[in-house]
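In the two complexes below, chain A is the common chain; its partner is chain B in one and chain C in the other.
This part shows the complex of A and B:
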């Protein structure tokens, strides 16, 4: 049953990417805008408006960078193309849509689902660790941003530079957090499993 | 190091923080003056001391354009941002202990005038090192501590201490009212 559920979720993800990201409706801006609105609404219902807004906010510097490159490519007519801005707009819709969509879908895979997977316990512990770390990482984003806002005197330069440095710091902080969190949680889970089950059925 | 003086002044009045279900009632102006001083905040857990710092005090400092240093209660979370920020500025901070991180951070912030420590004594029993590294430029120390502020300041430094007490004063339509009392300042 759990295999069916997880297979269903991944099929849905593949379908989404097959249709909207790499597929036939990739270059239809109204469709992409519609998908974006639907995904945002779904995320608001599934999580909260605040969490959804925070996720979109997280995407903004990447979208900003995309736009800069899109405009630059358009100006120099890279590869003879004149559709760089339109293409960039599509990517600016697809990127947050895909990210939010993936986040929503993956939350439907529960810890119990992972425990019921017919794979060795070591693999299940790895999957539980990854799910736990990324779940916590998402929740940490706001707090990291808040702390970074309390270091205003540290960053100098133009507003755009400050913004980029702030986001660079956010990505590094998140990476450090995930790295440590994954290592600590994995060690804790293995330790508990080892001591509670005495290492029995190590591989099942 | 010569520093400019600035007078922190959070005026008496009501400060609602609706999304946290809190309403602060500041009984008198919180204005520790231009000399080096310590605002020592205490009160039971759950009265919103951290919220007051983050949503009232820091908001005020930002509005006044005053540089500050804030060490939050969730220091383990903050450490990740400190490492990230210092590494972006070219410091080798991986494998560096927390005390060294604070030294680097404080050293990078000579324009700061306020240093806020929210229950820092939970992590460092004796944290006079913070005072030693910052005394040249910090004018106002705001310390939340259940244990006292003496762990921070060497006895030979006669700082003006402004004790502030948070007390619950009931509920008003589901909102917790917190009265903030300013006690008699003293030096030690």
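This part shows the complex of A and C:
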């Protein structure tokens, strides 16, 4: 039953990407706009309006740069093409749609579903750890940037230096945070398995 | 779980998130991003941790993380190329870890060069991009490769100074 559920979810994801990202309706703006509205409505029902807004906010810096460059490319008619604005609009709709869609679908795979998978416990623990790491990493990214912005002392010098320090700090902070999180959650899971379920040390 | 596996999972997520985070679109419908810093960093960290198969650990973290970001971010048509290009970059940077002097920098430069070459060849044969688009992306890709190598190397140097040995 669990396998059917997970296979169904991944088939749905493949269908979505096959149709709207790689497929025949990629360049149809009204369809992409409709998909975006549906995905936002679904996200609002599944999570909340606030969380949906924060997901869209996460996409905004990229969408902003997309628009700027799309307009600039259109103005100079780069490579002789006239469809830069349309292409930009499609991307601006696809990016948040696919991001939110994937997030919604993956939340339907619960930790209990993973635990019921007919695979060795070691693999189940690995899968739970990966799911947990993605969720925690995404949530912490903006918070780390906010913390970094509260340290004006390290942002002196040229623009390139500021950018480098900001993102170097972000990479290191995110890595260290995730390393500890994965290590802790993995230790806890294995401990629970051995002591509560009487599991043998099958992963060794 | 072994340290190398924990580090691999953590770096896979870091590469995917950093690639998704800031991106500037390019003429060939691709984009310029800061994920390369994370790819080089992950290669160097995993290369330092792995006793053997350094190339595969570094390549898997860089390639899979970046390809995942492509798929999530709506640039799915680039995902297979990204898997190869960033995989080669991460793998060669992992081989560079632990080496000193010219060998270290040559392997890292080869990693950046492999990334640029993979994208150039793939884009040149893609019907909706062609040779013209591939040529126009050479300079941005070279800048990205150089920025990734310098940024990733400096980030790794800073990381080595502050971190406990288990994660480094």
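Please note the rule applied: the second predicted complex is superposed on the first by the 145 of 204 C-alpha atoms of A that agree within 3 Å, B and C clash if a C-alpha of one lies under 4 Å from a C-alpha of the other, contacts with A are read in each partner's own complex, and residues count from 1 in each chain.
Please note the rule applied: a residue touches a chain if its C-beta (ideal position, glycine included) is under 8 Å from a C-beta of that chain, and two chains touch if they have at least 3 such contacts.
Just so we're clear, the structure is a prediction, and the values are computed from it rather than from any experiment.
*Asks:* Quick one: is A:176 in contact with chain B, with chain C, with both, or with neither? Answer first, second, both or neither.
*Replies:* both
*Asks:* Regarding the shared-chain residue A:6, is it in contact with chain B (first), chain C (second), both, or neither?
*Replies:* neither
*Asks:* Have a look at where A:143 lands relative to chain B and chain C in the superposition and call it first, second, both or neither.
*Replies:* In the superposed model, A:143 contacts chain B only, not chain C.
*Asks:* For A:168, decide between first (touching chain B), second (touching chain C), both and neither.
*Replies:* In the superposition, A:168 touches chain B and chain C alike.
*Asks:* Just to be sure I read the superposition right, which of the two partners does A:102 touch: chain B = first, chain C = second, or both, or neither?
*Replies:* Once the two structures are laid over each other on A, A:102 reaches chain C alone.
*Asks:* Have a look at where A:56 lands relative to chain B and chain C in the superposition and call it first, second, both or neither.
*Replies:* In the superposed model, A:56 contacts neither chain B nor chain C.
*Asks:* Determine, for the superposed model, which of the two partners chain B and chain C contacts more residues of chain A.
*Replies:* Comparing chain B with chain C, the partner touching more chain A residues is C.
*Asks:* Contact-wise, after the overlay, does A:87 reach chain B, chain C, both or neither (first, second, both, neither)?
*Replies:* The answer is second: A:87 touches chain C but not chain B.
*Asks:* Name the contact category of A:151: first (chain B only), second (chain C only), both, or neither.
*Replies:* After superposition on chain A, A:151 lies in contact with chain B alone.
*Asks:* Residue overlap on chain A between the chain B contact set and the chain C contact set?
*Replies:* 168, 170-172, 174, 176
*Asks:* Under the touch definition given earlier, write down the residues of chain A that touch chain B in their complex.
*Replies:* So the residues of chain A touching chain B come out as 140, 143-144, 146-148, 150-154, 165, 168-174, 176-177.
*Asks:* State the interface residues of chain A toward chain C in the complex, per the touch definition above.
*Replies:* Counting only chain A, the residues touching chain C are 17, 21-22, 61-62, 65-66, 69-70, 73, 78-79, 87-88, 91, 94-95, 97-99, 102, 125-126, 129-130, 133-134, 137-138, 141, 164, 167-168, 170-172, 174-176, 178-179, 181-183, 186, 190.
*Asks:* Considering the complex alone, what residue numbers of chain C touch chain A?
*Replies:* Chain C residues touching chain A: 1, 6-7, 9-11, 13-14, 16-18, 20-25, 27, 29, 34, 37-38, 41, 45, 71-74, 76-77, 132-133, 136, 151, 154-155, 158-159, 162-163, 167.
*Asks:* Across the complex, what residues on chain B touch chain A?
*Replies:* Of all residues in chain B, those touching chain A are 54, 58, 62, 67-70, 72, 74, 77-78, 80-81, 83-85, 87-89, 108-109, 111-112.
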